[in-house]
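Got some structures for you, see below.
Below are two complexes that have chain A in common, paired first with chain B and then with chain C.
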Partner chain A sequence: MGRLVRASGFERFLISASALLLSVLIGAVIVLGAGRMTSCETAAYTLAFPGAFVTQFVGGDALFAMGFCYDPIALYDLLFLGALGDILNDPTNGQFATTIAETTILLFTGVAVAVAFRAGIFNIGAQGQLVMGALVTGVVLVYVAPPLAGLGVFAAVILLPLGLLLGAFAGGVYGAVPGALKAYADANEVITTIMLNFVATSIALFFVSREQFFKDPESFANQTVSLPDVAMFPELVFRARDDVSLLALAFGIAVLVGVWYLLRHTSFGYDLRTSGLQPDAAEYGGVDADRTIVSSMTLSGALAGIGGAVYVMMVLGNFQPGVPSYGFDGITVSILAGNNPLGVGFAALLFGILKSGSIVVQVGSDVPPALVGVLRGLIILFVAMPEFFRMAGRKFGSFHQPGEQPVATDGGTGGGVDE
Partner chain B sequence: MSSADYVPSASDVRALPERAYDRLFAGRSRVQQSVIAITLAAVLSLVAFGVFAPESTAGRLFAVLTASSTLAATLRLSVPIAFAALGGIFAEKSGVINIGLEGLLIIAAFTGIYATDVTGSVWYGLAGGVVASTLLAALFAVVCIEFRADQIIAGLAVWLIALGLAPFLSSVIYGSKNTDSVATFPTLTDMGIPFVSEFVTWELGFVLDLPVVGVLDLQSSLVGLPFFGALFDAGPPVYLMFAAVALSWYTLNRTAFGRWVKASGENPKALDTAGVNVHRVRYVAVLLSGVLAGVGGAALALGIGQFTGNGPTMVNGKGFIAIVAYLFGNYNPVGALASTMLFAGLDATQLTLQARDVFNVPTELVRTIPYITVIVVLALFGRTRLPSAAGDHYESGEDE
Partner chain C sequence: MRDFDRREFIKTTGALGTVGLAGLAGCTGGPGGDDDEETTTEEPGTETESGDDSDDSDETTTEADSEDSETTNVGMVYATGGLGDGSFNDQAQEGIQQAVEDFDVEYEDAEPDEVAQFGNYQQQFASSTDPDYDLVSCIGFLQADALSETAQNYPEQNFQIVDSVVEADNVGSYVFREHEGSYLVGILAGQLTSMSFSAGAGSTASDSTNVGFVGGVEGSLIGKFEAGFTAGVKAVNEDIDVQSTYVGDFNDPSGGKEAALSMYSSGSDVVYHAAGNTGTGVFQAAQEEGRFAIGVDRDQSVTKSNYADVILASMVKRVDTAVYNAVEATVNGNFEGGALTTLGLPEDGVACVYGDQLGSEIPEDVKTAVTDARQGIIDGDISVPDDPSNA
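What follows is the complex of A and B.
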């Protein structure tokens, strides 16, 4: 991780962009391969290369041309452009609204993971923290919202911040647990946060599948009672049924800027970043390492919990188990953004497009939308190996000026400039 | 083993209780000591209730725990965790922390089913799972060793790739995230191995009158034994697991390769100086973790005959539990097996509790018991000493 943090901003951008491109290419190969494993009436995509290459010598039809059931180019067209919908004629179309909604929630999980990463902690538990935030927000607002419903706009002014606070509180507590376990019991946070993800899912299911707790008695499905409209984020520009709110998006961007400011320009942020880069130096410099771990995990969990609150108050309108994997996507978003809070904004938009586009893919083609999950893993893998791109860059020139020290090899030269 | 069998060794001539006491309590913190004491007391009182008050709640729980089916389930659930843990030991001992074991299990589970479906043989299926898992481990090895990737992030990537790829391929081939059902491994009695299959079902036909335990009816066959009968009627993966544990222990502690693996993780420079290629040792160790996790993953899926790919897939965190199992077992294959049996036993108990509905327990919360135990164990006993060079990239001076 140290190497990732140390690389310069421009290099980080190049690495992320190349990782993305390479993942998309390998994704295309996987799609072609998968297209050979299934069967179809007519080939959706024909690769003429082996056929044309052979037939120019032996003549005849393209005998060896390979047919594939899936067309990767059409697929990526659906995935990336489909997510935007007909944006030129109708900027508030439903598909683009979904993209914005997905982006909004990924802003929170992405920045949550990034904060922990900056402190040198792998928070794989953003998923569980988001579930807890969503659960508590959904459950408490059901009791608080109806009495306030008569107040109209004022109710929203009270309820929205309250919901966000509830989410932040629940997620923060749930994030503080693995933080404290790491700080005071040396328990590896990767394992504990993953275990807590499983626990969170089960706890949520427990509470919303029983009528004596929070299950909606009038519904067959396991879910809580729906929130009144005043407890929901106002849709503003978009249509109400698209479950998206520019207000939530604006809040998300404000949070990104806030976290960026916190990390760059406050003493807490300085302590947090030095603990991540040089734990020993930080401790020598008077930073309480244990407390920094707990507080950065609490902050990380709170941010993910806010994501859960937004998910309930913007998308669902109640709490339902089976929360999509925003937490895991948050890891990719953060890694792709080089753990930079402002970069999280762009990475979240990219992943919002991927998530929303996967729905278009599901409707418009036979390719299973689970492909996005593969891309997610590939992107992380390639971003994790900057050395690969540096080697490739050295081989093909232009990536490094000759004579320049390779950036931060394991000898710890630390030649890179931190931002 | 009773105390009568105990032969005092030259190094330690004290009585067994004293040694056991030291083993359990010496050099531990207050919290650890009290947790061990409480656990011991709980186990003892559970046994007491089971013997003297079988109708009480604790007595019925004892009955569930000592049912032959519970041991059978424990063994079955141990297989993927134990194999992944063995693989993790090799990789981590060599200096590469393989946090992607979960991903290796997932890809092996799916490929195991697919290969069985295509070839019609569970053994080819097992081989297919091993191949897939080893290929993914090879990718991980190249990324970590050649391209100096951060091992934790690369391991997470392996997990997420498998988590996406297996359901994707299942959807492509079977039209759903769950595959079709295929054949499963037969158990020892059904395998029709000459002599062995008959031996375990052969009626023993004698009665033991033991002083404390009481009359043991051994009229039945080995398979029919109470509780331990499950040991004689398991599938081949269970016996493979015991063999793999013994073999791993032998490889690590008694062979030159084992010494290289340890040196590669503790002091790669010294190993390099001694003329052994550190990268090659690490490659072999990581590939070995792929092979072992592959057996575990394929055996998991072939025990049920189907791959289920919804949510966290059927592997459901077993790869991460395996990591805690070998940490708890202090990188010792036998210790890792023991802690694996503990976690798998808890899982088996909760499954039996759900199935039998003996107590009116909320299934969702009971399901979290293994995961919470993992966290508690990790917090209390997870402070193991990592191999000093684990997680670090090693660059030989001559390579540059």
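What follows is the complex of A and C.
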């Protein structure tokens, strides 16, 4: 484990890559096994010895051949490349747009969880914070947007930041609650954040399922009235129907860089990181531990809330209960990224590809969705595991190497050297 | 085009010799599969084709052939509950499976987890070229918003929507006259509460004339069930009380149980539910109290056979018929885009199906009354309200 903790950035990349490869191989075996357990008319994939490559030159039949109902190669191809769509000929195709949209929202929840992690807090409540952000954004903008709709582009300039602020505010407040409970009442944040997720979902359902509150009276579904187009993120190069915006993506990346800067180069970030690494030492060094907990949870909640606002203003166009589990995925994204705000970008992209790719697999092959879920889970498990052990090792073990340089990709906490 | 990449990919892998691909002889499917080279070429979308040919021109011919073939391809986009819900989605799948048996049809299932994914799934099917889908069937009213946008963007693609109306030239909308079926079970409930009847685990008392309705989420759709049921009960006898409540959730059995328990304890003999899985609680309450319940959507005395001893009947909504009809029309080349198909009693879109266990014990004169009411609706003698405020 000490070896893992000390691994350099390049080594860690290699570890991740081989973990990915291993997960694909194991997944392929599972797919083949599942393919033997179902019945189909024709084999989607045949394992033969000698293979067709040999027999087409030598002639004759394979000595041994076994057919499988699912083709693992085609499956992984659909899962990974399918998510990109026909990117070479049409960079703005719908499937790639979906990948980008998923990635964009995961950027926010991923970085939200990462911030809390760095402060030593396990924020499982990103989902609830995202729901609150989305709800408040969706509900308030419905009333604010129509009067401004006449202003055209100018309205968008007002409404987009307003929506994001609303999301940040609602999510921030909702994140501050478990923060305050932890700081001043010693309540375990894991429990409180999990529970507040349920509270958020139920609050949202309550308000959105009743016409005297915010339910759209025109619709069968439980949803708020749709926002006018000016309150939506502009599509820019993508088509309107793809529900994606490069502006939102750019904003997400800017937020990642901003959070990275905040953590690395400001005194608040220093307080936050030292509290996470060694709370007692931080407090001895003059950090107000309680305040740091509350403020880092508020920041974390606000980031998740912005994710909710983006979800409403980019994807849905209104608020509906049954928000996808972006908040929970954000936890995995964050661990995958080693809690590094910049790494969150890549982890979110991997998640976005897997999410979007599994849609392609469902449509394009007979493989049942549950099996695709297993493959996705395997990939995430294998890629995240080395990183997880590394984090655990750093936290609980003493593998400190005196002369070690901080690793750039994880924000330099590994060596314990801070500027 | 994506498929082109895939082929490339498979070829490269094949050429590397790492994995042998053989679409040739000896190609057996999973257990029970039969091997046949011909089948391979006929099936569009099977991956085996890439293994057995070595030059591109050959392959393109195969592709072209499969596109011209008579096989009708249907893409199914289910409601968010997904398959295995024992109700709505499963029934839609039964419809397409029936169509596969009767016609040369192939289908692909897609189960979105979230409302936000509907549009993407619809587009996936609409933009697919291998196979080129002849019909995309969208199950559930929640898909309507997404579909009205998708349909506009793919004017050449035919869509079907079940349980809602999308006004577009390439969308066939299928809705049900749930109030008509509910009227029949209302007659049944009204008749039975007026007499002393006992069967299975339940009984009714003639001194109390009181029935109940438990709805899922309030809205115009479930309102049709309530309106029809109330009208049916009142048609038997104006004086029968109908208690009506909405749990606010389609997946809250404990809420459904509580609602039904309070109805039974205040004298209801029969409770009809239109509340999805919430209705399971209604059945539990009926068993505990020794009263009756009426199921919805499918024959619930079969799908929820644990409760067969209290389920008098079910108001069946034939989602499978809607899917089957749309596929049949597509196969025959007379699918009508822009049309609104309403499935009521005459079309067997809705029906009152007696319980598997209790059905035989229901008195003949009650059944006759139900049959008469059905005929009356079909003949136009009885008009059933679809709004609870008119019932």
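Everything below uses one rule, namely that the second predicted complex is superposed on the first by the 295 of 419 C-alpha atoms of A that agree within 3 Å, B and C clash if a C-alpha of one lies under 4 Å from a C-alpha of the other, contacts with A are read in each partner's own complex, and residues count from 1 in each chain.
Everything below uses one rule, namely that a contact is a pair of C-beta atoms (placed from the backbone, for glycine too) under 8 Å apart; a residue touches a chain by one contact, two chains touch by 3 or more.
Everything numeric here is computed off the predicted structure, so don't read it as measured data.
Shared-chain residue A:Val199: touches chain B; no touch with chain C. In the superposition on chain A, A:Phe388 makes contact with chain B only, while chain C stays out of contact range. Of the two partner chains, neither chain B nor chain C is touched by A:Asp229.
In the superposition on chain A, A:Ile335 makes contact with chain B only, while chain C stays out of contact range.
When both complexes are overlaid on chain A, the residue A:Val190 reaches chain B alone and has no touch with chain C. Legend: residue contacts after superposition of the two complexes on their common chain; A:Thr38 is shown touching both chain B and chain C. On chain A, the surface patch touched by chain B in one complex and by chain C in the other comprises residues 37-38, 209, 322.
Touching chain A in their complex are the following residues of chain B: 99, 139, 143, 147-150, 152-154, 156-165, 167-169, 171-173, 177, 311-312, 316-317, 320, 323-324, 327, 362, 364-365, 367-368, 371-372, 374-375, 378-380, 382-383, 392-393, 395.
In the complex of the two chains, the chain C residues touching chain A come out as 1-2, 5-6, 9-10, 13-15, 17, 19-36, 39-40, 43, 45-48, 51-52, 54, 75, 80, 82, 108-111, 113-117, 119-121, 123-125, 127-128, 141-142, 144-145, 149-150, 153, 164, 217, 219-221, 248. Of all the residues in chain A, the ones that touch chain B in their complex are 1, 3-4, 30, 34, 37-38, 122, 124, 181, 185-188, 190-192, 194-196, 198-199, 202-203, 205-206, 209-210, 322, 328, 331-332, 335, 367-368, 370-378, 380-381, 383-385, 387-388, 391, 409-411. Contact residues of chain A toward chain C in the complex are 35-56, 61-62, 65-69, 71, 73-74, 77-78, 81-82, 85-86, 89-90, 94-95, 98, 209, 219-222, 239, 241, 243, 311, 315-316, 320, 322-324, 356, 359-360, 362-364, 366, 369.
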